[in-house]
Amino acid sequence: MRRWLAHRRLAITTAARRAARAPLSLLAQALIIGMAVALPLLLHLTVQNVGRAAGQSGADPRITLFLAAGSDAPAAQAIADRLAAHPAVASHRHVPRDEALAELRERHGLPDLADLLPGNPLPDAFSVRARDLDPAALESLRAEAAAWPGVAEALLDSAWARQLQAALAFARALAIGLSALLALVLVASAFAVCALQAARDREEIAVSRLLGASPAFVRRPFVYLALAVGAAGGTLALGLAALCLRAADVPLRALVVLYGGEFSLAGPTPLEAAAVVGGCALLAALGSWLAASAHLRRADRAAA
Amino acid sequence: MIELEGVAHRYGAATALDGIDLDVGAGEFVVLGGPSGAGKSTLLRVMAGLVRPTAGRVVVSGQDLARERRAAPWLRQRIGLLFQELALLEDRSAIDNVRLPLDIAGVPGRTARERASAALARVDLAGRERLRPAQFSGGERQRLALARAIVHGPALLLADEPTARMDAASALAVFELLHAQCGAGATVLIASHDPTTIDDVRVRHVRLERGRIVEDRAATCPARVARPAEA
Amino acid sequence: MRRWLAHRRLAITTAARRAARAPLSLLAQALIIGMAVALPLLLHLTVQNVGRAAGQSGADPRITLFLAAGSDAPAAQAIADRLAAHPAVASHRHVPRDEALAELRERHGLPDLADLLPGNPLPDAFSVRARDLDPAALESLRAEAAAWPGVAEALLDSAWARQLQAALAFARALAIGLSALLALVLVASAFAVCALQAARDREEIAVSRLLGASPAFVRRPFVYLALAVGAAGGTLALGLAALCLRAADVPLRALVVLYGGEFSLAGPTPLEAAAVVGGCALLAALGSWLAASAHLRRADRAAA
Amino acid sequence: MIELEGVAHRYGAATALDGIDLDVGAGEFVVLGGPSGAGKSTLLRVMAGLVRPTAGRVVVSGQDLARERRAAPWLRQRIGLLFQELALLEDRSAIDNVRLPLDIAGVPGRTARERASAALARVDLAGRERLRPAQFSGGERQRLALARAIVHGPALLLADEPTARMDAASALAVFELLHAQCGAGATVLIASHDPTTIDDVRVRHVRLERGRIVEDRAATCPARVARPAEA
């Protein structure tokens, strides 16, 4: 136990001494990690923020049921009852024809055009939110509702919402892809740096091995140092992301408001932050472990 | 302590050791002599388990080294090694160099520091703990490396040219230190060109030439018994 | 001259020998550069592609002039003449009322809704492209045209085009910001790596200096190696970007077609490609030059 | 060739050189003797322009070294240096180690290779061009370092303990090689503990103790004239 503790304490001291010898280099390394991680992190946060804002402003896909021209209140009630009973419908809202015109005016960017129209050509409508947002499920619900008596037309949501959803889906996929790529890059980067560090300290490693040090003894300071640099890089990424979010708040707000949403940017949750820092540290440690092991294997082969 | 049987080693085409049979008992003091390139360093490396001989049997402290790729850590940690090129770590302080075997053995920091300081004092380098090896003269560097070889009280001390960088007076002091180690129970094997060792009656003299033992002269006055009277 | 050549040739040999000693580490380094550069490069290419597609599909801001209901052909001709003579107008197009309805149907995602309308409520219109796309200039042109006799309403373009423009502007700014950041990261990364390489080769450097080598002699192999790795990284970035573009072609096409555009992704021009490779090489060389110089200064101070 | 006037050097509080006055003429062969820590290596470093003395005047080949931070490259390239710790590059082959001074001088690759091979042959290491320094024995390493020191035909050769890792026979061979350099016009200064040099009548013997010159015995039989007869 004393021996175990002494070994760990010594590894920390050794790592600290090496860090003190090349602080600039380590700082640059943490910066690089921070910048690389900041990109997918930002993308993820942006997607989440925009997605949330879109959800609040009702930008998730909806089906609009237009009633036949001149429908009366009982007919509308019949449709409302049907919608309430339908298992695939999450919620629905009755849109009187005046409101429909106002919405067309605002949300579709045709403000004063509505004034040009002779009277209000629109019928009453229902705005329906489906439980399942999958395009196929949406389409089948739309087709079913279109066949109901009293429904003149059933439309999937207007183009802009689909556009936003498509953009969000693409961005989400991109964020996931980039994160996977990034994990690889982090490991490779930590590997490259640790390989160089091991080459720099080759005499120290060789002499320690000659004097009976185990591979783990040699590896430990490298891994500890990588853990620290990785964590620092992750923290830097969080800071950078926070800075960018603040800078992007204004243009993003403008963008989202164009889509009719309310908007306020949220940073990562504590859990997300912990995952970023911990993930970076672990990936860096993995890379350095691999590099140190590779160095040891090669050195042992050369010495034998 | 050490049993060699038909040990041979070839580096590629070059033969460095060519059928060495040698028994060294516990507590013996052996000097390996011979011209440059005779195989002295290679023989010491074989005994330390750093080089696996291409043929023959090497048993050190009961462990058969020819079988294993590298000596087990416990054995490595019982050996004290002084390399011909010293193998000092230039970017560590003197004391950090000396305490390395203790660090590897997991000796706690405070104890390691104290024992390393004591070892430095034994080679007459007290008070220079914080200097780098480059700040020592050639002879001082050699003593520094020697301090590292004895700091953990090894049962077997293998020293390659421990006096190469020294004048006669310093060399004598180092030999006395090695005799003291031997007297305290360690087995000592050194490779040396130093002519002063040849006349030392307390050591067993083994002479190598072209990888073969050409002379094996026992100590006329065994170290353990003789030490108090002679030193 | 012979001496000059011998020195350069030797530096190349030395750089090659060092590269051969740590090929994995250099590969990882080139990969990291490639991945880091690929991100802003991709963003830049996407913005350009989408911008071009949007331009082709007329997604740049326009002003629509709706004529008063029941306008006749001479009235329309008068407006057309005015537009042709106006200095702020780049081009204009007459949109007959039928075409306007069809466009509303397609571009605004209200396909079948038009069928619901009693007849065609829309008047004839003109679609006007302004010379100056600045919002203030657009608004002043719109206000002026709105006051013309025979014009019932002058509208700045529909929301989606403004949305797209805003998104493109944001993405463009992001690409520029990221590129600037990236240049810094590249230099810092090359610095960190070269600092480690110099530390690894400290004996070689020290001995060369002892034997009379000039600082330039010592620096040269490091700079050459960085040039090669930087260029390799830039080339990798181009390859990665090409791969991603191919992968993104389908979703992006879908996205842009939603906006009513034709679409086909174009890669970087030869000039852009050369700039990417050359830029990476030069930035890496700069970083390594700085690191090697810093190492030499420190080593000289220690030796004196 | 070399003029020292009141040269002193202090490392922090420790005094390594303490008022050295020494004139070495072109073509002389000087051996610096003295116990470990006497300041021999420091004195050689001062002459090579590697260490700037804390006091005194150092003129080598007409250049005042005390003034400049480092010797001008042209001077550095006219000196041959053999360091006490050899300073071989372990990850370069023997020939790449030896040709380093030529590479630095900008000698084209082919010529450099040929001259390096010739230098290796002079120290009896022909045929081992492609090996690494670690694949040489201690004495061979020393000869390798010596080859590097003479490969560019330096006008001044400064060698620190050129025979420390050698038996008497190899040491003698090395001394003859140094005498040959001297005979070919080079000025040779070596630091050495080797007792064989002390009896060599062809060298000037300067003995240092605690940073001062305590003895300066001229060669009774100057090298340049004596060489053909004695070797």
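The letters A, B, C and D name the chains in turn, as written, and every chain counts its residues from 1.
In the analysis below, contacts are C-beta pairs under 8 Å (C-beta built on N, C-alpha and C of every residue); 3 or more make two chains touch, one makes a residue touch a chain.
Remember, it's a predicted structure, so these values are computed and weren't measured experimentally.
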Touching chain A and also chain B, the following chains: none
Most remote chain, CA-based centroid, reference being chain C: B
Chain centre separation in whole Å, for chain C relative to chain A (CA means): 22
For chain B paired with chain D, centre-to-centre distance based on mean C-alpha positions, whole Å: 29
Centre-of-Cα separation between chain D and chain A, whole angstrom: 67
Approximate Å spacing (C-alpha centroids) for the pair chain C, chain D: 62
Sites on chain D at which at least two other chains make contact: none
Residues of chain C touching at least two other chains: none
Chain contact topology (line, ring, star, complete or other): ring
Chain-to-chain touches, reported pairwise for every pair that qualifies: A-B, A-C, B-D, C-D
Touch list for chain D against partner chain B, complex: 11, 34-37, 41, 84-86, 135, 137-141, 160-161, 164-170, 193, 195
Partner chain B, residues of chain A touching it in the complex: 2-7, 9-10, 13, 21, 203-204, 206-208, 210-214, 217, 300, 303-304
Chain C-touching residues of chain D, taken from the complex the two chains share: 48, 50, 52, 69-71, 73, 75-77, 79, 81, 83, 87, 89-92, 100-101, 103-109
Footprint of chain A on chain C - complex, ascending: 22, 24-26, 28-29, 31-32, 35-36, 39, 66, 69, 107-113, 115-118, 121-123, 152-153, 155, 157-160, 162-163, 166-167, 169-170, 173, 178, 181-182, 185, 188-189, 191-193, 195-197, 199-200, 202, 248, 251-252, 254-255, 258-259, 294
